[in-house]
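Multiple structures are listed underneath, in structure tokens.
Below, chain A partners chain B and then partners chain C, in two separate complexes.
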Partner chain A sequence: MGLVHEIDFGTPASRSEKQVTLTVDGFEVTVPEGTSIMRASMEAGIAIPKLCATDMVDAFGSCRLCLVEIEGRNGTPSSCTTPVMPGMVVHTQTGRLKDIRKGVMELYISDHPLDCLTCAANGDCELQDMAGAVGLRDVRYGYDGDNHVRAKNDGVENFKWMAKDESNPYFTYDPSKCIVCSRCVRACEEVQGTFALTIEGRGFGSRVSPGAHELFLDSECVSCGACVQACPTATLTEKSVIQIGQPEHSVVTTCAYCGVGCSFKAEMRGEELVRMVPWKDGKANRGHSCVKGRFAYGYATHKERILNPMIREKITDPWREVSWEEAIAHTAREFRRIQYQYGRTSVGGITSSRCTNEETYLVQKLIRQGFRNNNVDTCARVCHSPTGYGLGQTYGTSAGTQDFDSVEHTDVALIIGANPASAHPVFASRLKKRLRAGAKLIVIDPRRTEMVKSAHIQAEHHLALKPGTNVAVVTAMAHVIVTEGLFDEAFIRDRCDWSEFQDYAEFVSDPRHSPEEVEKLSGVPAETIRGAARLYATGGNGAIYYGLGVTEHSQGSTTVIGIANLAMLTGNIGRPGVGVNPLRGQNNVQGSCDMGSFPHELPGYRHISGDAVRDIYDSLWGVKLDDEPGMRIPNMLDAAVDGTFRGIYIQGEDILQSDPDTKHVSAGLAAMECVVVQDLFLNETANYAHVFLPGSTFLEKDGTFTNAERRINRVRKVMSPKNGYADWEVTQLLATEMGLAWAYRHPTEIMDEIAQTTPSFALVSYDLLDKMGSVQWPCNEKAPEGTPIMHIDGFVRGKGKFIRTEYVATDEKTGPRFPLLLTTGRILSQYNVGAQTRRTENVAWHDEDLLEIHPHDAENRGLRDGDWVRLVSRAGETTLRATITDKVSPGVVYTTFHHPDTQANVITTDFSDWATNCPEYKVTAVQVSPSNGPSDWQKEYNEQAQQSRRIAGQLEAAE
Partner chain B sequence: MVMQPASTEIAAKTAAVISEMKSLEGPLIPILHGIQEEFGYVPQETLPIIAEALNLSRAEVHGVFTFYHDFRHHPAGRHVLKVCQAEACQSMGSDAIAAQIKQKFGIGFHETSKDGAVTLEPIYCLGLCACAPAAMLDGEVIGRLDADKIDEIAEEIRS
Partner chain C sequence: MSHDDEDRMSTKQKLVYMANQIATFFDSKPHDEGVAGIAEHINKFWDPRMRRQFFEMVDAGGAGMKPTVIEASASIRRPRQDAA
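Right after this comes the complex of A and B.
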């Protein structure tokens, strides 16, 4: 095996088409124009010594180690900052260069600790490598002079010395080992775009400073780790490396957090994970990561993780640990009993967007083939189901149109209801890089997010609309584009149905859709709407990125359609730099939808009523599939309360915490006779479970995840499942126990079945993925290497379809009792319901949910920052602490939903999207008032949770 | 270092300086000069305000502020005496001159006398090499420093 080594070319690749040929040390090498001499010679296999250069950031030219001699030129220019020229003859190693390099290294080492043997970077230190490369044997200056190394010089305090900063939970900063190469500062600026680091002082006094000479944890640092990755010494080092030592082998795999789907090298020592390092060849992340993907994997070994199957008769009983055989036999028996007693459709299941495609495929297969009904749904129900509907109707596919690389060609980005800086951080970094290069940004969001204004980022227009008025605002933008003649007539005539366009144009041109009218209900100044529409329509390549702020509304599907219309109106579809891109929340929510997780669709979004499609599965699976769509999650819960739905198999989803109207969910679960939860932890849903099947982490299994750009990425097993089985194996055990003849030996065989039965996956195989790294569906005869950009020559459905987008105000309205609008979201360091991130050191940044409230609304209520407040809606109430900020407008409050103690979904209502039942999480009318602490409901809930988590034979309940 | 929220008075004055200079090309250094002129030094708590106004990070403003020795972290004495320590002056005995000055005022470089009369600083070349060793008192250059000139300087400072 061994470590996956990545070549560091020293400077970024040039994009030029023109090729230049030069000679380096007698070898001819041809590279694109604009390439540095350093990179060109590395292409030829000649590594020029370097310290301050690395190919993730631009050349800097400060270390003076990479000097070369060029025939016909004076001096010794630095190879990192000197571009190649045709016919250039370069020498990288001459007597003169050797002397200079040795001299430079002597200076570095004279102010560096000589503790290499006990240093954490031993074995992975570029300074050490360079000392070796230049043949450093002696330091003529000695080590006694002025230095940053020792706390005291001859007993006298050394003011240049700085103590190690260990404030960040994941890495340390040891200034005594710093060579001030600025790689960390540049990585923070160029790659991450946070600008949290600087060099303070000058000359010999120069030091790396987080923020204004602050601790890392107190500074603006978001702990993405780009600086740690860039550091050539032990100055910035992962605490895990300090603790364990250097890794000895690595495996390329895919992050299991958000829908960006970053590729990582899991660097291992035996079966112990030492660190995650983003893989430069990963096409979604291009070598970058966020705090979650790089550092927050500690949950995999958290003490609360459940490793043994457990069952119990009643949910009031304590859990009883049993063998896998007993648990599986019991579960199969229960499902069969319930079906016998209450009918074929009395059971169902929920697939997981956190699990692999193969696992998801198996769960829906178990339900369709084994349970013989279509009662399967997935968490996308509560997030992006309107995307599936809206884009399916207008374009013919249920997915984003671009790859993430596309953003490098975008001129105007329009972000609607998404905060990528928190929820899709690596994409945000890539977008910010493009914005710093001059692209313009429009943000439609009730909150002033980090994308609206932060270091070097300023949105051209911020449409701070009232929650719930998306459709009106998007339609008003279409009004401006149509009435001011900014639409792309040639594109529309060519690609769309002209009569449908005319109908839509007539609809939006109505004065009631004008910005002036819409201002009255959305609160967005008409001029801002007009400015945004003009910029998007005329500013060059316009790309739309949107999130759950679009979908989780009673008119979520309508907004998606409105967005699709905007892109068609302006011809922003079908080439790099444009498109409509839903930012998918979970690692494999795209995949779980692709894999037939919806009650009405078989894999590949083919409706269950289609005879031809069912035939494929009927013959392969040897059953007659039910041709009626099954129940959605809310329907299953309703049916449970009615007594007709009695058993459910839930793989990797915490519906109690994540679905709306918590009380209704708990009533539904409590009414069932067999609730099977397969998860890593005793989550909130497990409080109502009768069977608990321990799950496996992404580190413990093979499979694939499909990210927001439809990219199928390989997940590779790096350690044995601590619970004994990968999740796909558990489902298979259950299926065989129920009498199905499944015999998959490896997920690759499951993928082969998917490819065999699903046209858009026809050519996908693990061989192809290993060869190409990843592939974007559709991947079939027409596109054997996948499809980075969709709808290039025409829409998948044929002609693009314009659909009218009538604004209908939600039934959830403010009034005297509930005068404020609550909207919800995520923050950077936590992930969704927090089951994983709450069990990592990420709690250092966010250990409770807070309610953001505008100073004006706070003052009216006599609230101070940090006060406990009672948050009440028509559905329920909870308490949490308030933080006062003008990021939210007056009349709007905001909170996250990462902590079960808060239970923000006790507050949210059961209103939902008209087309897809996607819950209206983003708008709830509420009242906020001072409080003394947790509500009675929270106390009762906690007590019940404590009770239901008891495990027989164990003194203390888990969690 | 924990960032202290600025007092309303400092914040108001800082905002005034920023609004005056913000439209300049590359406004950060002019603003820092303006702040120093306003307060006699650059109060730490003005830095986040500047960062916010210019859409920069705190780190960036801190980096620029600490790069230039002339931006002060603390208020200076009533007089500022800068003694050249660059090569030409050193070759003409500026080390000894600096030692005499330090002894005379009882302070070292980067220090202010207890009575607040004078702040002593090194400087690296005043462009007065022909008249080395040189110094600068409150912006006025003084050439060919010797014991007498030091006495004159001391008199002016104490007057």
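Right after this comes the complex of A and C.
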């Protein structure tokens, strides 16, 4: 098998279309204009010695190792900084070059520890390689004298020496091994865009320094790993490599955290994961990563992971470990009993946007074919269901319109209700790179996020609107575009329904939609709205990126429609650099929607009432599918409380923690007779479960994830499932026990069934994915290699449809009892409900949820930074600690929801999006007051959770 | 915590609330198109159990429902007897 080797060309690729031919060591080579001699040589297969150059960052020319001689030119220029010229004749190895290189290496090695045998980089050290490459046999200068290597010189303190920095949980910084190539500094700037590292001092005193001579953990470092990847020595090294040693084989797979869907090489030693390294050919991440994907995989082997199936009669009983046979037989029996007793539609299930497409497909198939109803839903209900509705209505498909590469052609980015720096960090790095190159940015967000202003980026306009007024602000932007004549008439006439445009133009032109009127309710100055609208409409390629700050509102679907309207008005659809891009939360939320996880539609977004579509499945599955839409998650819970819904199969979702109005969710779960949870851990929902089926991690199975750009990426098994079965196998066991004739031997066969039955997946197969790396659906006869950009020659639905977007204030209103508005979000180091990241070293950055409150509101309430506060809404109350910051406006408070103790969803209400029932997480009227500690509810909840997690025969609860 | 239970809606109250929310969106359309839009939306996304409860309330006079919802109910499919 071996390691997946990637060629380091030394400098980034040139984008020029003009080709240049030169000669390197007698070989003719043709490369794009602007390519360095170093890269051109590598293209020809000639590796020029180098230390400070690597193709993830721009050339720097400091190590003086890559020198070459060029016929007709004086001296020995560095090949990394010298561009190719037509007819150039280059020599990479001459007597003169050999002497210079050897001399340079002697100097490096004279100030470097000689502990190669016990060094963590042994076998993966470019300094060692270069010493070999130049034939270094002797260091004439010796090793005495001034150095950075030894703590003491002849018993005297060496002030040039610095101790190892082990503060970061995942990697170490050993200054004694640093050759000051500054690759890490440049990676932090150019790739990640954080600018946390610098070179301090000068000359021989130069050192890499996080921040102002701080520890890595105390600095601005976000632990993305780019510096570790860039380091040519053992100066920056993964602690896992120090512990385990060098990997011996690697497998390309896909990260299981956010919707960016980064490709990684899982570097292995046997079945032990040594490290995850971002893969350069990954089309979503282009070789970059974040702290979660790169490092936070320790949950896979966490001691709290449940590896045996368990059942219990009542949720007050302790769990009893049973065999897989018993657990599956019991579950099948229970579902059949409940259906016999309470009717066919009294059971249902939830698919997981954390699991693979194949697994999701099987869960909905089990429900439709086995349960014989359509009571299937997925966590997209609580995140991007309004995207599905809004884009479906206007464009004809819920799909995001672009690929991530598109951002490289964007001139104006408009971010609405999203904080990619925290939630989609690798995309944020790519966007920031584009912003540093001159693109403009507009941010619509109640909070001053990192995107508004951080190192070397600043938004042109920040529309810090009052939560809940998205529709008003977006419509006011349309007002400006229409009334100032900034719309793209040619595009609209060509691609959209002109009479619908006229209707919309008339609607938005009404003075009630003017920025001046909208200022009164949104709090955004009219001039800022006007400025933003003008910039988006006239600044070149305009791309909209949006997140849950758009969708999780009672008018979520209306805002999505408003966004779609803006892009159509300005002609920003159908080419690179533009578009409407929903930033999806979970790794496979796009896929779980594609795979028919919604109760009203079959895979490929085809409504269940369509006879022709049902026929496809009826004949293949040998059943008569129910033609009525099934229940959505909130409806299932309502029905459970009413007593008509009694059993649920939940794969990889923690609805008790992630869904709104926790008390309603727990009442619904408690009313059911058979709650089956399939997960890695005893999550919060499992407190109410009767059957626990242990799940497998993304490292333990084959399959595919589909990211936010509709890209189908392969997930590859690198170790055996510790629980015994991949999740698709568990669903298959249950299906066959219930009498279904399933016999999938490998997920590739499931994908074949998906391709056979779903037109937009017609040509997708594992063979194709292996060949192409990944593919973006639709992938069929019309687009055999997939579709990076949608709606190029026309909208999927035919003509783009403008729809009126009337602003309706949410019923969740502030008043004397609840004067503040709570909104929620995420933080970089933690992931959603935190079940995974809380079980990794990422807690070093964020070990509790904090309530952000403006100094003005804090002072009124006598709150100091770090105080415990009581947070109350009409739904419930909780306590957490406060942090005082002007990132939020007066009147607005903000928290994350990564820790179950916080119980943020005890606070959120049952208001939801009018079209999709996506909960209104982003607006809750609350009051904040000083508190002494946890609320009664938190205490009761914790007791119940403790009780519920008992496992018979084990002394302690599992969490 | 007395403040929450009195504020919480019953399943049927929620259905009225949801139907009215849908109707509010379609208020910005011409009347007939709006009414048709409400009916289509409910037909497409509401499961039979929800529609059954909805019709129980419509048949009882539709208390609390917006007039356009009641008008739309003529075009909403009544669930079949066998459908949940």
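Details
Everything that follows uses one rule, which is that the second predicted complex is superposed on the first by the 959 of 959 C-alpha atoms of A that agree within 3 Å, B and C clash if a C-alpha of one lies under 4 Å from a C-alpha of the other, contacts with A are read in each partner's own complex, and residues count from 1 in each chain.
Definition applied: contacts are C-beta pairs under 8 Å (C-beta built on N, C-alpha and C of every residue); 3 or more make two chains touch, one makes a residue touch a chain.
None of these values were measured; they are calculated from a predicted model.
Of the two partner chains placed by the overlay, only chain B lies in contact with A:Ala212; chain C stays clear of it. Once the two complexes are laid over each other on the shared chain, residue contacts for A:His600 go to chain C alone; chain B is not touched.
In the superposition on chain A, A:Leu197 makes contact with chain B only, not with chain C. Of the two partner chains, chain C is the only one that A:Asp638 touches; chain B does not reach it. After overlaying the two complexes on the shared chain, residue contacts for A:Thr837 are found with neither chain B nor chain C. Of the two partners, chain B and chain C, it is C that touches more residues of chain A.
When the shared chain is aligned, chain C comes close enough to touch A:Asp910, but chain B does not.
Touch criterion met: A:Ile457 reaches chain B, while chain C stays clear of it. In the superposed model, A:Gln657 lies in contact with neither chain B nor chain C.
Residue overlap on chain A between its contacts with chain B in one complex and with chain C in the other: absent. Residues of chain A that touch chain C in their complex: 343-345, 373-375, 507, 554, 557-558, 599-600, 607, 609, 626, 628-632, 635, 638-639, 641-642, 644, 663-664, 804-806, 808, 872, 874-877, 910, 912, 914-917, 936-937.
Note for the complex: chain C touches chain A at residues 1, 3-4, 7-9, 11, 14, 18, 21-22, 24-25, 27-29, 41, 43-50, 79-80, 83-84.
Interface residues of chain B facing chain A in the complex, by the touch rule stated above, are 1-3, 44, 47-48, 51, 55-63, 66-67, 69. Within the complex, the chain A residues that touch chain B are 194-202, 209-214, 218-220, 453-458.
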